[in-house]
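You will see subunit A twice below: alongside subunit B first, and alongside subunit C after that.
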Partner chain A sequence: MNFTITRKNLHQGLAAVSASIPTKTTLPVLSNILLEATDGQVRISGTDLDVGVRTRTPAEVGQEGVLTAPGKKLQEIARELPDEPVQVTSQGDQIELRCGRSRFKLNGLPADDFPNLPEVSFEEGWNAPGQVLLSLVQHTAFAVSTEESRPILNGVLWELKDGQMRMVATNGHRLAKMTVPAGSSAQGGAELIVPPAALQQVQRLFEKENEVHVGRDANHLGFRSGNTEVYTRLIEGTYPNYEQVIPKDNDKWAVVDRESFASAVRRMAVVASDQTHRIRIGFHQGAMRLTVLTPDLGEGEDEIEIQYEGEPLEIGFNAAYLLEVLRYMDTEEVKMGFKAPERAATIEPVRPDGEEGGVEYLCLVMPLRLLD
Partner chain B sequence: MFFVQVARLEDPEGVGRTPLLMVGGSPSGRGVITSASYEVRAYGVRSGMPTAQALRLCPEATVVPVPRGACAERSRAVRSVLEELAPVVQAASIDEFYLDLSGMERLLRGESLEETAHRIRRRVLEGTRISVSIGGSTRKMVAKLAAGEAKPAGVHIVPPGGEAAFMRRFRLAQIPGVGPAFLSALEAKGLSTVEDILPVKLTWLERWFGSTRGRWLYHRVRGEDPSPVSPGEDRKSVSSERTFPRDLVDRAEMERALLDLSASVGRGLRKRGLRARTVTLKARTTRFRNRTVSRTLPEPVESDTALFQVARELLASVLEGRRPGYRLLGVSASNLVEAEEGAQLALFQEEAVESERDRILSRAADRLRTRFGEGALRPGRMVEPNPRGREEDTDGA
Partner chain C sequence: MSRTIHVLPDAVANQIAAGEVVERPASVVKELVENALDASARRVEVVLEGGGKRAIRVADDGWGMGREDALLSLDRHATSKIRKAEDLRGVATFGFRGEALPSIASVSRMKLETRARGEEVGTGIRVEGGRIADVGDVARTRGTTVEVGRLFFNAPARAKFLRSPAVETRAVSDAMTGLALANPGVAFLVRSDDRVLLDLPEAADLPERVAQLWGEEAAAELVPVHGEEGELRLRGLVQRPDRARPGFRRAHLFMAGRPFREPALLQAADRGYRTTVPSQARPWIFLELEAAAGSVDVNVHPTKAEVRFGNRASVESLVESAVRRALEGEESAATFDRELPRPRLRVREGGDGQNGGVSGGESESQMALFLAGDEATEGDEGRAGEDEPLVQGTLEAPRLWQVHRSYIMAEVRDGLLVIDQHAAHERILFEEIMEAYDGGGGVSQRLLFPLTLRLSPAECAQVEALSGVLQGAGFEVEGFGGDTVILRAVPHPHPYFDAERSFREMMDELTHGSELVRSARNQHERVAMSFACKSAIKAGQPLSDEEVQELFDRLFATELPYHDVHGRPTVVRLSSGELERKFGR
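Our next item is the complex of A and B:
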């Protein structure tokens, strides 16, 4: 193998892939990236076996070939090289880089040891505008569970049906759901449970302005945009029936200024228990009263103006969950809905009529039980 | 000695008259000595020693089982006497208490700390017939070590300002909180006594043993211990473990043992109004290797069902790819929260590790056991399979 590439292209390609390389691995070849020089381009791939990234970059290929080499080291070298063409040559399992007067030799491993990225067909997939896909990911992926006890909740549910595209994530205590019109791009239905690590790569690598092609096989999903592809295994199983837990009969509504609500919750959180993050919120006509009482620590209280008409209501919350949800609401005001202190509360953005654009965003937060 | 004293009080005509007395498990199985009389200790017998070995050292000794109920009762009696005499009493274990006498200076005017200690010793003896040893100091750790110096049946007071000098007599292994791992790290640096450590600068201790441990040790060897005497010492964990008369190799048998241990931990939690987020399984192999695995749950649990469920999964992970053969199993619950403190409600009831039903069931079982005795209710799984081999459904709760 032998090719010449600009330093910039080499570095960009390596940077795109190296984030998919696991930091700790029992399989040494996974610390490496796969370089494949073919007709006028170099393909660079990296994977941790769950998520894989592949990118193509133009190069002057003298002799075609494949090789694996230590990903992070290559990237660090490419970053430090002068801005001149880089000549890359393989010598057995070693890779040699020459750039100006610099020369490096790194030990690689046989390319046969490198795992194959899934063969996902993009022909039968669908397209999504980058902006839409990235917005769905950004507004939901934060809510996935990080506990190992319920693997299914470690993924984001991605649904395509009835001309709509939807992502849902939950850890069983709070839930985020966003629905957008899918347009004509998505034919047929799909229900996929996607590891958030793959969606993070999508967020990191793809541009809002570009269309993203999505392809799948039975167990894998692939994203392609521009010269870059992200592959992931899908999480198997049935996602819990989230529709069932979304309250339909909430009858108490509060409209709250998002920023002043969030800062009041942050203040209360300082004195909340490190374990439960429990704060108490009282909804009264025109006012929200926040209190916190933590044995052995102390107490705090605060009040902000809100629009609220219903009967007074006292409800306990994990402050961390509230703050997280509020961070992803991108409107000045949010609307909260309740039925009773021990039922799920809804939080949604308040947009002026006609500005929704068919986008629905809803978060649920399950309260903490209050004793007295 | 507490256990020996209680055993004697329980049977004054029998073991009450035996000087060579040991309290502990049976020598035929894997029992260990809980406590031995001073006469037996002269033969080299120590607590924690296998009973069979202890009997080889002192064949004439009598071994009696630990009178558990009586011990708990006597311990409560000692505590209530102590509570009459001191404003703050902390039970450190069944036979160890800390008293904080601060604030009693005016009441105790004219009485030295030594005289006070002797008076407390007399009162406990009169009220409970238990003879205690008392150590006194301005610091908890020093008082504990002083109590050791006071044995048998005496008083040892370390005068204020004399803490550092008092500490000089100890080996590092004697300092409460210095465990085997720390000890071998210390020995690797050639440090085995308090005297060895005193000339070492704090920065070196921090560099060698980490900043927390280094600093901790630096202060302890100088008799400095900031911890207060607190009556409701926070519990860090509730656990239960058992050494089996013979090694367990059968999975079903191990699971039965786990069910029993989980139930005992569950009862311990509920009795104290606690829930646990972390469940730990300890398994000691035939070759004395300890395997410890734990899992932290999304929500704290308290029911036998949930604890057992997690313990069983942990056991499966321990057994995976390993040859079975375990002499000891233990279940421990930690990361504790008050049961009612801000319980997080779940969106998906069926997904929860523990349902409201599990909790109600466990609490109902507790009430039945309190009323009709420990054996009143047992999980079907715990019933031994029919020896005549008739098939019976022994599964379920």
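Our next item is the complex of A and C:
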């Protein structure tokens, strides 16, 4: 195998892929990347077995071939090379790079050892605008569970149905759900549970401006945009019925300035227990009173103006959960809904009428028990 | 009418008293050695022949007696230690009944040789079964030697009860061990025929005496205890929890330089160990009490092995809390070190240092846990590159490092700590949940998707029985009919918490019992222990730097950071000293 490539193309290709390489692995070949030189282009692939990334970049291919080489080292070399064409040659399992007066030889491993990325057909998939997909991921993926006991909740639910596209994530304590119009390209239905690691790669690699093609087979999903593809296995199982836990009978509503709410919560969190982050919020007509009392540490109190009608309500929250949710609300004000101190609270952005654009965003936060 | 009431001749009265005071060679030795200590001896030698049945000799270098005193000392109720009834309260010396010498003399062939300071010549007295046979001059150094030959030669019924020489020797040696611990500042030599049983040079303090008796290693695994409450003072040494084993233990209590027995105080000390040792472990305990005159009655029984306290409950609570406090410190942590310094006891200010028993070494401040930058350079002699400090920089908090996803290494001022993340978290959760019970309940996160669990009928019954206590721990659980329960809210002790698994394991343990939950005192503690054990971060769980830091901080905010709730260590220390030894610095 040999090919000549611009330093820039080589570096960009390697940078795209090397972030998918595991830092620690018991399978040495996984710390390598796969280089495949074919007609006029080089494909670079890397994987940690759960998520794979492949990118194509133009090159002048002298002799076709495949090779694996240490990914991080190649990337570091490519970054430091002078801006001149790079000549890449294989010699057995070794790779040689020449660029100007620099020359490197690195030991690789037989290409046969490299795991195959899943073959996912994009023919029967659907498309989504990059901006829409990235927004869905950004607003929901943070809420996935890190607990290993319920693997289903470790993934983001991605639903396509009734002309809508929706992502949902929860750890059983709080939930984020976003729905957007699916557009014409996404017909049919789908219900996928996607590992957040793959969605992170999508966020990292894909541009808002580009269309993203999505393809799937029985248990894999592929994303393609521009020259780059991200593959992942899907999490198997049935996602819990989230519709059922979204309260329909909340009857107390508060409209709160997001910034001042978030900073008040942040202040309270300083004095909250590191472990539980428990704070108490009292909703009263026109005012929200935040208090925190942590044995052995101290107490705090704050008040902000809000719009609130209805019965006063005292409710306990994990401050970290509130802050997370508030971070992804991108409006000046948010609306909170309650029924009772032991029931789920809803938080949603407040948009002027007509500006929703069919986008629905809703978060739930389950309260913490309050002590009297 | 003939008279039936007689005044007993002294010799008979003495023999009767001897029944109380003198049971066997060990009690003779004890009385004689106590007299020697009362005479401010710096060195006491005890020699036994035939297990003490043939002869017992106790020699001291105390202040001795003049001839008149020596003769008087053999009279009943002759004592130099007390004059009137009021003196009985707050007696600081050992003897004060004036019974021991005449009693012993009445059942043996005794030879007393003594010379007081300032006397030209000493006095020798021979007594045969209580009758003075001979008084004369002897040449000797200052001090007193009492030789007791043929104990019970004139009381065959008593002689019959004596055991074999080996057994009697053993009893003497035990009694002497107690006296030697109570008086570290005095040198002791105990010989039995030609065998040296104890050879204890004068020691600086109790730790040194322990080292003399059982070796440096045994001494190094003891932790100093200090306590004070009202007019009571407590000092001593207790064993590091990780070294406590089931079975035989060494436990000694002293007061005013005398050993005494009081099982209730040992039990109080054991209570101080609660949750730091497995339930059957029997840690070593050496405690010295000091009380203001009047608050104790030390004259309970002629053998004076028991002490009666005015307010026993407060003594017990002092012992328990002082032991507990001793286990809070870093010295009580398990260690990798093969050689450790002996524990140091704080000096008692204004102590008389005489019969005070546990006399102190240099006062020593608590070892600092965290690196204090400005102290980093002291004691660095012998290291290469004096001017560049080694690892000890100007750190404020220790560097932490998770290894094998199970342990946390921490650099501290005096070395390294290896922390078991699971054990550490157990301690944290246990204390937090116990505190939460007092404060109305632990944190409880309501679940979006309540958990429905099927349990065995016995477990369901436990859930019902314990539902209030479980709720306090954060589990809101209700029966759902049959063998099904629903968890609506759960605690959230860490981000990797698996509520279902933890709850199932808890219910299994609480239903079927385990060594751990059997050691609990009440239902709250049972549930807290089980919760801590089943819910703590597991070994093998990777933790972020922040999580490691938080675990470390919370561990050291607990009362007993060095011990988990099973009686295992949470922390094992490796001192800089040990590292230096290993690398031959």
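Criterion: the second predicted complex is superposed on the first by the 372 of 372 C-alpha atoms of A that agree within 3 Å, B and C clash if a C-alpha of one lies under 4 Å from a C-alpha of the other, contacts with A are read in each partner's own complex, and residues count from 1 in each chain.
In the analysis below, contacts are C-beta pairs under 8 Å (C-beta built on N, C-alpha and C of every residue); 3 or more make two chains touch, one makes a residue touch a chain.
Everything numeric in this text was worked out from a predicted model, so none of it was measured.
S.K.: After the overlay on subunit A, what do you see for subunit B versus subunit C, clash or fit?
M.R.: clash
S.K.: Give one of first, second, both or neither to describe whether A:D274 is in contact with subunit B, with subunit C, with both, or with none.
M.R.: Second partner only, subunit C.
S.K.: Between subunit B (first) and subunit C (second), which, if any, makes contact with A:P240: first, second, both or neither?
M.R.: Both: A:P240 reaches subunit B and subunit C.
S.K.: For A:L368, decide between first (touching subunit B), second (touching subunit C), both and neither.
M.R.: A:L368 contacts both subunit B and subunit C.
S.K.: Check whether A:A344 is in contact with subunit B, with subunit C, with both or with neither, and answer first, second, both or neither.
M.R.: After superposing on A, A:A344 lies in contact with both subunit B and subunit C.
S.K.: Enumerate the residues of subunit A that count as touching subunit B in its complex and touching subunit C in the other.
M.R.: Common to the two interfaces on subunit A: residues 147-149, 170, 172-175, 240, 245, 273, 275-276, 278, 318, 342, 344, 364, 366-369, 371.
S.K.: Quick one: in the complex, what on subunit A touches subunit C?
M.R.: Interface residues on the subunit A side: 146-149, 170, 172-175, 240, 242, 245, 273-276, 278, 295-296, 318, 342-344, 364, 366-369, 371-372.
S.K.: So in the complex, which bits of subunit C are touching subunit A?
M.R.: Interface residues on subunit C, with respect to subunit A: 432, 435, 439-441, 443-449, 474, 476, 489, 492-501, 550, 553-554, 557.
S.K.: Which part of subunit A faces subunit B closely enough to touch in the complex?
M.R.: Its residues touching subunit B are 145, 147-150, 153, 170-175, 240, 245, 273, 275-276, 278, 316, 318, 342, 344, 364, 366-371.
S.K.: Any idea which subunit B residues touch subunit A in the complex?
M.R.: 295-298, 337, 340-348, 350-353
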